[in-house]
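As written, the chains take the letters A, B and C, and residue 1 is the first residue of each chain.
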Amino acid sequence: MLAFALRRIVISVPILLVASFIVFALATYSADPLGPLLAKNPPPPPSVIAAETARLHLDQALVPRYLSWLGGLFRGDFGPSVVSTQVIGDQLAGRFWITIRLVVLAMVIALLLSVVVGVITAVKQYSKSDYAATFLGFLFLAMPSFWLAILLKQGGIEFNGAVGTQAIYTIGSSSVPAPKGFWANLVDIAGHLVLPTIALALISYAAWSRFVRASMLETLNSDYVRLARAKGLPRRTVMVKHALRTALIPLTTVTALDIASIIGGAVVTERVFQWKGLGDLLLTSIQTSDVYALTSWLLVAAVVVIVFNLIADLLYGVLDPRIRYA
Amino acid sequence: MSPAPSPTTDTVLEVSGLNVSFPSSDGAVRAVRGVDYALRRGEILGIVGESGSGKSVTSMAVMGLLPNTAQITGSITFDGQDLLTLSEQQLNGIRGDRIAMIFQDPMTSLNPVYTVGAQIAEAVRAHRDVTKAQALERAVELLRTVRIPNPEQRVSSYPHELSGGMRQRVVIAIAMANDPDVIIADEPTTALDVTVQAQILDALKAAQQETGAAMVLITHDLGVIAGQADRVMVMYAGKLVEVGSVEDIFYTPRMPYTLGLLGSLPRLDQQSERLTPIPGSPPSVVNMPPGCPFSPRCPLSTPECDDTEPVLESVGTDHRAACHHSSEVSGARPDEVFDTATVDADALGEFVQAAEGQA
Amino acid sequence: MPEPRTSTTLTDQAQLAQTPGAAPVDREFTVAERSQTQLVFRRFLQHRAAMISLVVLVLLVLLAYVGGALWKYDVGEITPDNSVPPSLDHPFGTDAVGKDQLAQVLGGTRISLQVSVVVTLFATAIGTLWGSIAGFFGGRIDTVMMRIADLVLTLPLVAVAAMLGHNFGGTWYLIAFVIAGLYWAYVSRVARGVVLSLREKEYIEAARALGATNTRIILRHLVPNALGSILVNLTILVALAILLETALSYLGFGVQNPDTSLGLLVSEAQTALTTRPWLFYFPGLFIIIIALTINFIGDGLRDAFDPQQTKVRQ
């Protein structure tokens, strides 16, 4: 299994290299990092422009520029930002944990919700609760993530207005300044997580619960569940041990495939709740044509996606004895 | 373990007036239409019929494994209680303990994520208060009974590591785990290679002798029945059309359908020039018209057959048949009633001509 | 052996069964085969949610195009009434500068629909071709082609689309091409899976054994059998494209003024949620209705094309 993991990591390196080069080239050719500087009025002196050009390696051709950025990565240097005072690596690291806790928490909640809803709708197929859950699932699938997030935020604001105090946080990922003490800080962070997590989880769970339902229906109709019933096992044992256990295996793959889109959803959700996370960094980088920050951001996102997929594959191997990684 | 046979009869399972239908968009599918039979202690009862004749549905009804949409009437008496009136929980006390079942496809009957030992042990522990270790020991013992080599190692194999024949032995081991009174085997050899079929039938026989259970052997293969069963029931379109001992069915069938089945069977013990297939295919069991369902395919069909459906009537000792013309069938050979399989000479001639033209 | 009969309608079947006096062959009422197309069509018609959705969607499209052309205000036209709540004159109200919101929403619906149709057509065409070629040839070609698709799938779509949208975007068709340039990878995966599974099917092998040409196999066997999956994915893609377009426009990297889209309208309205809520709710509602109806239609198609679930266990 270790060999399998290592091989997978080795295979993903060229993917990352090619992806980063394409993104780097696209970003370089489509935007001018000097744009904001040149647009200034009065125009800055040529010496300033020349200095900035050199600082951002804009005097180099595309390939050497990419290679020097790549070389810098090994030293932990993500390249110069258009904001000269900013270090891209520090920005990424600081915001990474803000965003990842939203993404992971939303995923866990969405997974739990999808399993519960999926199992209930499969077991009670064509019942009223099945139809209601199905309709609700379709509704969330059809809802733009930002629209739902804005609604939740508005709900939070109105709730706070009604109770006359800041009961639910609607802005930011934590209070500024942060409260003193570990526990106070934790509670503060958790409080800020509530609404964005709900928004992101609701958008994600719907597709998964449909998948769990279909998968569960398949195992419920399988011959081995019939045999388990023929053994005289109690209904609960048949459901959990035979139907659900087997039905959940493919969910790992489906979840891993959706990681990229959940990170995308987090970008939108962060925007609504004005978090200073990775999403904000991405959008700012795009607006300021910060080529190095943008490429680094996408590289980090790609690494996260690949790592999650690797974990999912390994988990699959543990859950399904038919898969053996030689 | 088994209760003492009741004083009046040694019948272990009695099915009477069983009707099963499924709703469908085209109308009710009447899969089983009034089936009665009694299974005697320790006997092997064969049920023969084409696919869709209701033979599997009949036994699924006994196990209480039909989907909730199935509408079931009649009664299934086992050990003095009507299984159809029991709750799911009460049924669970009987299923796997007193009545066990073996399914057709061993490739899909076992859960892929558990070892075969765990799946056998689970069956034991569902009805016996034993530890996991004891249950696994029993699993090894059972695997040995069904003649799986190296049972100590095989007990921790996953299903995908075993061949189809081995998996079916595991399923048989599960069925005999609690020494049941009745084993229902639903086409146990159909999905297997011909070479393995005989071994599985041996394993089944071993299981039946070991447990002393009565067995219902469902198959479409008369060859399987001939070697195994004591009595035979022939089903057609959801009904019993002939019931009798193996000798009755094979040597003096009284229903044209049974005769047709025999005629379609290649046999080494009888001199016959050609096989006699039954023309046509079984009827749909939706919107059935009155009359004998076999009539459209029956060479002996008369207007009476299209008007009234014959009932099962006694035609000998423990031999019953449902046919208006059962006396005519008596003593007939298949090729006297059905057309033998012949090649269309004209078509063959055209084919030869075309082939020559191309050459 | 009698010829297998193909009964054209359901009534044929019923009449047949109720006529015991019919000819001997007819009495042998085997289950009549209906053609695949008829079965699919019939099952789709029976899917109530899908049928209702289809009607609603058609009405919505008519409203957007015909209704939009007939409506007294044009997109971007400034009326003297600013910040009017919904009324008879302005059913969806007006915004702060007096633009009639019904005209805006209908205009936005048109753009959003156009974006999704263009995305779906291009992504399906490229992705199906890409995936089928990879699946059909297999081996090294398959590996290289699917690695390229994986590469696209590894990146968060919204992020890449936002980057490209910022740099190339603004007008609706450019945004559509940007989204299509990313979604094809999803389609190619599905198409490859379908081709791979079909390639192994016995009836394809049988056709090959009977000497059918590649063209015949593709046209007679592969395409009709892949049609279900492709159609279902087509509908999913339409819904996804609408949602991505609106998200991009919300982030400010999608459709820009003077074009308008449903996402842009919601984005412009979010600050006015407390004062002029109608600006927020109507475009959002339209997005939901479009995506919801399309998803239900897709669900109906999936059910219609999948005969498995109507199988009665015997």
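Methods note: a contact is a pair of C-beta atoms (placed from the backbone, for glycine too) under 8 Å apart; a residue touches a chain by one contact, two chains touch by 3 or more.
Computed from a predicted model, the values in this text were never measured in an experiment.
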| item | value |
| --- | --- |
| Pair joined by the larger number of C-beta contacts - A-C, A-B | A-C |
| Centre-most chain, if every chain is reduced to its averaged C-alpha atoms | C |
| Chain B and chain C: spacing of chain centres that average the CA atoms, whole Å | 47 |
| Intercentroid distance (Cα basis), chain C paired with chain A, Å | 25 |
| Gap in Å, rounded to a whole number, between the CA centres of chain B and chain A | 55 |
| Per-residue multi-chain contacts in chain C, two or more chains | 313 |
| Touching two or more other chains - residues of chain B | none |
| Shared-contact residues (touching 2 or more other chains) in chain A | none |
| Complex contact set, residues of chain A against chain B | 222-224, 226-235, 242, 245-246, 249, 319-322 |
| Residues of chain C touching chain A in the complex | 147, 150-151, 153-160, 162-164, 166-168, 239, 243, 246-247, 250-253, 263, 266-267, 270, 273-274, 280, 284, 287-292, 295-296, 299, 313 |
| Residues of chain B defined as touching chain A within the complex | 63, 65, 88-89, 91-97, 100-101, 103, 105, 108-113, 122-123, 126-127, 158, 160, 171, 174 |
| Residue ranges of chain A in contact with chain C within the complex | 15, 18-19, 22-23, 26-27, 30-31, 138-139, 141-147, 150, 154, 221, 257, 260-261, 263-265, 267-268, 271-272, 282-283, 286-287, 294, 297-298, 301-302, 305-306 |
